[in-house]
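Each of the two complexes below includes chain A, the first together with chain B, the second together with chain C.
Our next item is the complex of A and B:
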């Protein structure tokens, strides 16, 4: 009862605050200049990023430097997590996991999630989505396997911490190389079109955007997988 | 259409109060998953598909999973 009274007071306060603020916030009638520039240029314009998907064009081309360093932040965070856990031995044990119904469900949902993640990442330069989105969806699959089966099952299938680190490093190296290559070719840092081709064998690849998306997909997916593998380590090894 | 977003956000405010006051930590984690779902619906109404695709995996999948791992390393009930 006391909870309900507090809750209704909070809701009333939020409603009153929103009503008070709404008179100051007029809805916007037109685009600002920067937004209009991105919308006009991302595919057709003079400063084209070669991508019909404006958000990806901003992320990896117009504001590519921001995304580059954002990826570096994620890289540092996962490296620090790995270094914190470095002295904790990896305990191997085999719990029974869930029943067969759950395991079959995990298999089906895992496959669908994997396909959806790959589609989101590889079509990131055409439809909404991109490397980070696809990668975080990909990381759900090992999480499902750890919960439904066990950590041992994931490691038996070949995805252990070291392999995940290797996959992640490959992704990050690809991003770094693709970002620095235009400098060698006489362009600017992370330059996209006129260094990288817009179309490859009749397929729209949007220059380096699809390459960046695939590399980020691997890096983010494997990075989160490392965190889950570390956290699912049972302490003491006797109970999970 | 925007009224719908306001309704979802109000439900999210109510849920966030429930999350903070809940003493059963696993229940609180489940509530935060639902909270993520409400924010997702709001973003859908506001037409931001790129944000939704990242948020659906992170809020409903990854962060809930991480929190369950964290709860499993402490006690399930919060001792006040």
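Our next item is the complex of A and C:
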């Protein structure tokens, strides 16, 4: 009975809180005026963020929530890694590793994760998501292989630290080139539209945004893969 | 050839996850699908003819529909009854498994686990070890009839032969 009362109080509080908050969560209709607002206000305006750097102002003040959740994605990925690896000593002492149920599951879930990661990165300029989020999801595939099979299985399949490093470097180089190219074309550093086309053969690519997303996808996915490979190295470190 | 079934599956998955099919989705989906096929094909598919057989896919969809409606409903009702009445007799039993194919075994093991009242704890080449909410029998063959005979029948139709 006592439990039931506590439970109903919690339920009522949650419902009341949700009702109260819902009026503040309505989608804004004047979204297009927002860009102008940022440019006018970030340093001089009435609602100054105290920063002449508009991007930083948006990132950590006006749209701090976005950055917050991007940090949360990274945090979540690392937490997931920690929780997956929590039983690793007992696993490595098991003579036969995981059962075939786990191994077959890893293969199927790996394929689905790969496809979901790709669509998250490719649509970063249209829907929520982007290169970083997609890359984090991509890195889950090698992580699953390391835990379900072994580090050696991943390396035998052709994905070792050196190759991951090459993929990561290609991603980072693409980002650097895409950022510097507008300077050569007579624009500003990291300038987007009018240097890069908004549409390509009628498909919306949002200038350099989709290019940045794809490059970031490779860089983050391969970067995390390196970390996972390093962390799972049983021979690493000294005897002491 | 082994990458073809995986490529097709990846493309269909991509379009479903994306939820739209504009030219941009189709081009990026095709790129993703080809890469996925090349990366995963040799691990996921041993026999491309078998994987591309539409009759097997139809059998899988039919089994899925039957599983989430009839089989799940029966098991849920049984467990709901046990939750209310508290009549449980749990235990882990050894059940022989007759399917040989990797995916058939995977399907049987996951069908057992997804059904309320039974969980596959461990599985080797010949036996599945199942945690059962109400151990009606300790005889392996009888337990097999009770727990996984129906799953195996469908798994054989989809993945074996």
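What we mean here is this: the second predicted complex is superposed on the first by the 138 of 240 C-alpha atoms of A that agree within 3 Å, B and C clash if a C-alpha of one lies under 4 Å from a C-alpha of the other, contacts with A are read in each partner's own complex, and residues count from 1 in each chain.
The rule is simple: a residue touches a chain if its C-beta (ideal position, glycine included) is under 8 Å from a C-beta of that chain, and two chains touch if they have at least 3 such contacts.
Not measured: the values here are computed from a predicted model.
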item: Chain C versus chain B, contacts on chain A by residue; value: B
item: Chain B versus chain C as contact partner of A:228, first or second or both or neither; value: first
item: Which of chain B and chain C A:122 touches, first, second, both or neither; value: second
item: Partner chain in contact with A:147 - chain B first, chain C second, else both or neither; value: first
item: A:16 touches, of chain B and chain C: first, second, both or neither?; value: neither
item: Contacts of A:34 with chain B and chain C, given as first, second, both or neither; value: neither
item: Touching partner for A:136 - first (chain B), second (chain C), both, neither; value: first
item: Contacts of A:112 with chain B and chain C, given as first, second, both or neither; value: second
item: Overlap of the chain B and chain C footprints on chain A, listed as residue numbers; value: none
item: Residues of chain B defined as touching chain A within the complex; value: 6, 10, 13-14, 17-18, 21, 49-50, 53-54, 56-58, 61-62, 65-66, 68-70, 72-73
item: Touching residues on chain A, where the partner in the complex is chain C; value: 99-101, 104-105, 107-108, 110-112, 114-116, 118-119, 122-123, 157, 201-205
item: Contact set on chain C toward chain A in their complex; value: 6, 9-10, 13-14, 17-18, 22-24, 27-29, 32-33, 35-36, 39-40, 43-44, 102-103, 105-106, 109-110, 120, 122-124
item: Parts of chain A lying in touch with chain B, wherever the complex brings them together; value: 3, 6-7, 10-11, 14-15, 18, 55-56, 117, 120, 128-130, 132-134, 136-137, 139-140, 143, 147, 224, 227-228, 231-232, 235, 240
